[in-house]
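Given below, in the form of C-alpha cells, are the structures.
Two complexes, one shared chain (chain A), two partners (chain B, chain C).
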Partner chain A sequence: MLYMPGNSPGMLQHAPVFGADSVLLDLEDAVAVAEKDAARRLVAHFLRVLDFGRVEVTVRINGADTPYFETDLEEIIPARPSAVRLPKCQSPGDVLRADALMTAIEERHGMEAGTVGIHAMLETARGLEHAFEIATASPRVKALTLGGQDLTADLGVQKTREGWELFYARGRVVMAARAAGIAAFDTVWTDVDDPEGLAAEAKQIVEMGFTGKAAIHPSQIPVIHEAFRPDPREFRRAWRIVTAAEEAERQGKGVLLVDGRMVDGPIVVRAQRLLDLGVLYGMKGDETA
Partner chain B sequence: MRRAKMVRNAIGRFVPAEIPGIGSFEPYAGAMAKIAERRERPRICAPLKATPPSRNKVAPDLKEAVRRSGLENGMTISFHHHFRNGDALMALVLATLDEMGFRDLTLAPSSLPDTADFVADYIRRGVVTRLHTSGLRGEVGRAVSAGELEIPVVIRTHGGRARAVEEGSIAIDVAFMGAPACDALGNFTGCIGKSACGALGYAQVDARHARHVIALTDDLMDYPVRPRISVPQYLVDQVVVVDSLGDPTKIATGAARITRNPVDLCVAKNAFDLVAASGLLAPGCSFQVGAGGASLAVAAFVREHLREKGIRGSFGLGGISGFMSGMLEEGLFNAMFDVQSFDSAVTGSMVRNPNHIEIDASWYANPLNKGCLVHNLDVVILAALEVDPEFHVNVMTGNDGVLRGASGGHADTAAGAELAIVVAPSFRGGVPTIKDSVKTVITPGETVDAIVTERGICINPARADLLEAALKANLPVKDIADLQKEVERLTGVPRPVEYDEDHIVAVVEYRDGTLLDTVCRTLRR
Partner chain C sequence: MRYEAAQAGTLESSDCLVTLAPSGDFSFEYRSGNGGLFAERTEAMVREILERYGTPCLRVQISDQGALEATLRARLEIALERALRKE
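Entry: the complex of A and B
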C-alpha cells in the first residue's frame, strides 16, 4: 500500500505503475495546510479520470478534529475511492460520525449506502484500547491500520529499528481485526535508505498476522512483497497438504500423512491460507522445482 | 540546402541522392544490406611521411603548428570529444584559426558536447561551413535547425564515423588531438595526466587516417609516456603544449549514481526482467549499457543477478562508466572494452587492470571492417527521446523538432546486439514518448527488439521468440499501439512539429553510409 502525497500530480499520475496492491492518496500529513484545498480537488479529479487498473485506491482524509474533515468527505466520497482512511480513531463514536456523514453524502449522490469503506487508523493509546469496538462499529470498516509514528509519540517513546515498542500494539491490532473479520495493515517504515530494516520488520509483521503494510516510497514495494510472498518450499508443501486433504476427504479418510507427518484440521487451514496467498503472487503448486 | 532529387529509402523516408559540397549517397536499404554485399573496398590511411630523425616534435606554439600543417581554407579538421563538457581545446583551436583568417572549413569532430555553443559563432562567421558530427545540441543545434548552415550536417553514428574516416568520406586534413599525457615525440594517452579522460578510442581512428596530426597537451611528460601509449609517435606530426586542455572536473566527472527516480527504476526493472527472461544472461554473456538514468539502473540489476547466480560474463562494452569497471574488478566480466570513459573511476581502472582494454571506434562499431565488437554483443540497453509503432527510435530531435541529441553508438549497438532494448518513461513533461511516427529516425525499428516503459513492455512483432519468453515470465507485455493509446489518454496528443520541408538542414547517415533520414528546418511558431 503506497502512500502518495495528494498534492503531487507528477507522482499521482504514476500511481498504477509501481506494483503496489493499493495506493493511499494522502490529504493529511503529506499535505501542508496551504495546499489542503488544492490536494483535495486534485485527488477527487484523479479518482474520476485516472485508470488505476487493478490497484485499489484509498484516500487518507484529514482527522475529525480538523476543519477539513467534512469537506474532505464531501468531495472525496462522490469520486468513489474504495475506502477512506480515518486518522486518529479514538472510539467507535469517531467511526459512527464518519459513517453517518458518508451515508448522507452517498445518498445525495445517488450512490448505494456503504459504497466507500473505512480504514480506521489506530494511532493513540486510547484508540488502541478500543480496537475491537472500532473494528465492529460499522460494516463500513474494512481494515484496522496501525499508525506507528503518532502512537510512539503518544506513548512518549522512541521508534526503534527493532520495533519492540510497537509489539503489543501490533498484536492488539491483529487480534481485534481478526476477531472482527477484517484486514490488519501495519504502519510505515520511514527510512527509505534502509531496505534491510524494512525487510526485517516486514517479515516480523507478516509472521504476526498483518495482511498488509504501508510504503512511503516505491522502492519499498518489492521489499514488502518479498516478505508476504510465501517461501516456494513451504508453498509446495502447502499444496501437497491441501491436495492430500482433498483426496482424503473424497476417500472418506480422517487422518492423513504428508511427507511422513500426520496432518490435521488446523494444519490444512493454514496450508490453504498460504496457498491462497501464493496464488495471488502467481505461484503454482504443481511445479516441481 | 533546398530539397533536390529525393529518393525513398527502405523505411519509407525521403532522402537526398546527393548533397552538393559533400557527395552522393545511397538510400538506406536495410540494416544488414551493405554488410551482406561483402564487398572489399579501399581504406584511406595516413600517408607515409619521411621525417628526419629527431628527439623533439614540440612546435613553438599553436599558430606555428597550424602553419606547418599546411592547413588551407576549404580543408577538413577533426577533434575527439573525449573531454566532453570539460573541453577547452576546440574553442582554443577554432579561435586561433579564426584569428589566422581561415574560412570555409569542414568541422568533423567525433561529436559536439553540450558546451560547444561557440561553434555556432564560427558557423555564422563562415569559419565553419560544413559539419560532420554525432551530437548536435544547444546553440549549434538551434543554429543548424534554423538553417544557418547552407550545407546540411551529416549526422553519423560512432561506428559510421569510423567507417567514413577509414573509407575517406571524411578526409581529415588536420586532426587536433587533445593529448592528456604526451611526450616530446608525440606518443600520447588519455589514462593519465592532469586532464586524464580515459580511453581515446575516437582519437585513435583520426590519428591513423588524418593527413596531419597535431597532439595538444597540457602535461608534457618525460619520454616515453607510460604505462600505456594510446596513439604512437609515428602517427603524430607535431606536439603543441598549451596551458590547459580543459576543466578536469568536467573531463572526468565523479562516478554516475544510480537513479532514485521511481519511474526510471520501474522502467529499469521491467527492462532487466526482459533481459532475464531472454535467457541471455548466461556464462560468457556480453553487455552494454549507456550512462543515463534508467540504463545504468539496468546495469545495477544485472550486477545483482550475475553476483547471485555466480555468472561470469565475457565482456562489457562501450562508453564505460565506473559502474561497469566496478563489475570488471568484481570478476563479473572477463574484460571491459572501452572506447570512451565516462567518469574518473574508469581512468584508474584502465591503468590498473590489464583486462580493461582501450579500443578504437572502428574496432568498437565500424560495420564494414572485418569484425567490430558491437556485432558480438548479447544485450544492449539504450535510451530514446521518442519511438513509434514501427519501433523506430529518435535520439536526435526534441519535441520542438530542434536538434538536441547525439546519434552515438545507438544504431551501431542496436544493429549488432542479439537483444536491443530501448528504455524510456512513457511520457516526459506531459509529452508521450510513443508517437505515430518519430520525427527523425536514428535507429531503424528492424534493429530494435523491445521498447520498455514503466507502463509495459512492447516487443517487436519480428521477435516472436522474445514475446513468448516474456509472456512465459509473466512480464507486463503490451501491444505498442495499445500502450500509445493508454498514455495518450493521460497526456493528449501533441500537435506535430511544423517543418519547412523544402529546406534540408541535416541528414542522418546510417552506420553503413546510406541515408536513413532527413532533418528539415523548423518553423518558428
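Entry: the complex of A and C
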C-alpha cells in the first residue's frame, strides 16, 4: 500500500505501475496547508479519469478536527475511491459522523449508500482503546490501520528500530480487526535507506497477523511483498493439507495424516489461509507437490 | 463578479503553472516544451472551463511541463476558485 502525495501529478499519473496492491492518495500530512484545495481537486480528477487497473485506490483525507474534513469528503466521495482513510479515529462517533456525511453525499450524487468504504486510522491511545467499537461502528469500515508516528508522539515515546513501543498497539489492532472480520494494516517504515529494518519489521507484522503494510517509497514495495509471500515449502505443505482435508471430507473421515502428522480443523484453516495468500502471489501447489 | 490575480500548480515535471489576472478581455498565453503542440486543444479546454465558471474575461497564462488534461483542468479550476475567493 503505497502512500502518494495528493498534490504531485507526476507521481499520481504513475500510480498503477509501482507494483503496489493499493495506493493511498494523501491529502493530509503530505500536503501543505496552502495547497489543500489544489491536492483535493487533483486527486478527484485523477480518480475519475485514470485507469488504476487492479490497484485499489484509497484517499487519506484530513481529520475531522480540521477545516478540510467535510470539503474533502464532498469532493472525493463522488469520485468513487475504494475507501477513504480517516485519520485519528478516537471513538465510534468519529466513524459515525463520517458515515452520515458520506451517506448524504452518496445520496445526492445518485450513488448506492456504502459505495465508499472507511479505513479507520488508530493513532492515539484513546483510539486504540476503542479499536473494536470503531471497527464495528459501521459496515463501511473495511480496515483498521495503525498510525505509528502519531501514536508514539501521543504516548510520549520514541519510535525505535525494533518497534517494541508499538508491540501492544499492533496486537490490539490485529485482534480488533480480526474480531470484526476486517483487514488490519500496519504503519509505515520511515527510513527509506534502511530496507533491512523494513524487512525485519514487515516479517514481524506478518507473523502478528496484519494483512497489509503501508509504504512511503516505491522501493519499499518489493520488500513488503517478500514478507507476505509464503515460503514455498510451507505453501506446498499447505496445499497437501487442504487437498487431504478435501479428500477426507469426501470419504467422511474426521482425522487425517499429512507428512506423518495428525491434522485437525485449525491446521486446515491456517493452511487454507496460507494457500489463498500464495495464490494471490501466483504460487501453484499442485505443480510442485 | 470580481477577480484578483491568482496562481495554481507548479513548474515541476508533469505539472503546469496556471496564472490568472483580471482583464477586460480574454487572452491566452501558452508556454510548453513541446512547442505549442497542444496549445489549441488547451485553449479550447480553458475557454470551456471559463465559460462554466461564468468568467470569460481573464488573462490566462499556462506554463505546461507535460501535464495531463486532468492536471490542467484541476489547476485551472483551483486558480479560478482562488481568484474568486480573494474578492
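Rule of thumb we're sticking to: the second predicted complex is superposed on the first by the 288 of 289 C-alpha atoms of A that agree within 3 Å, B and C clash if a C-alpha of one lies under 4 Å from a C-alpha of the other, contacts with A are read in each partner's own complex, and residues count from 1 in each chain.
Simple rule for what comes next: contacts are C-beta pairs under 8 Å (C-beta built on N, C-alpha and C of every residue); 3 or more make two chains touch, one makes a residue touch a chain.
Computed from a prediction, not measured in an experiment: that's the story for all the values here.
Enquirer: Counting only touches as set out at the top, which of chain B and chain C does A:Leu42 meet: first, second, both, neither?
Expert: A:Leu42 contacts chain C only, not chain B.
Enquirer: In the overlay, answer first, second, both or neither for which of chain B and chain C A:Gln13 touches.
Expert: both
Enquirer: Of the two partner chains, chain B (first) and chain C (second), which one does A:Gly282 touch, if any: first, second, both, or neither?
Expert: After superposition on chain A, A:Gly282 lies in contact with chain B alone.
Enquirer: Please indicate which partner A:His109 is in contact with in the superposed arrangement: first for chain B, second for chain C, both, or neither.
Expert: Neither partner.
Enquirer: Looking at the overlay, does A:Ser219 come into contact with chain B only (first), chain C only (second), both, or neither?
Expert: Touch status of A:Ser219: first partner only.
Enquirer: Overlap of the chain B and chain C footprints on chain A, residue-wise?
Expert: On chain A, the residues that contact chain B in one structure and chain C in the other are 13, 50.
Enquirer: Where on chain C is chain A touching in the complex?
Expert: Going through chain C, the ones touching chain A are 8-9, 12-15, 67-71, 73-75, 77-78, 81-82.
Enquirer: Contact residues on chain B for chain A in the complex?
Expert: 260, 262-263, 265-266, 454-455, 474, 486, 489-490
Enquirer: Quick one: which bits of chain A touch chain B in the complex? Just the residue numbers, please.
Expert: On the chain A side, the touching residues are 13-14, 16-19, 50-51, 217-219, 282.
Enquirer: Where on chain A is chain C touching in the complex?
Expert: 8-10, 13, 37-38, 41-42, 44-46, 48-50
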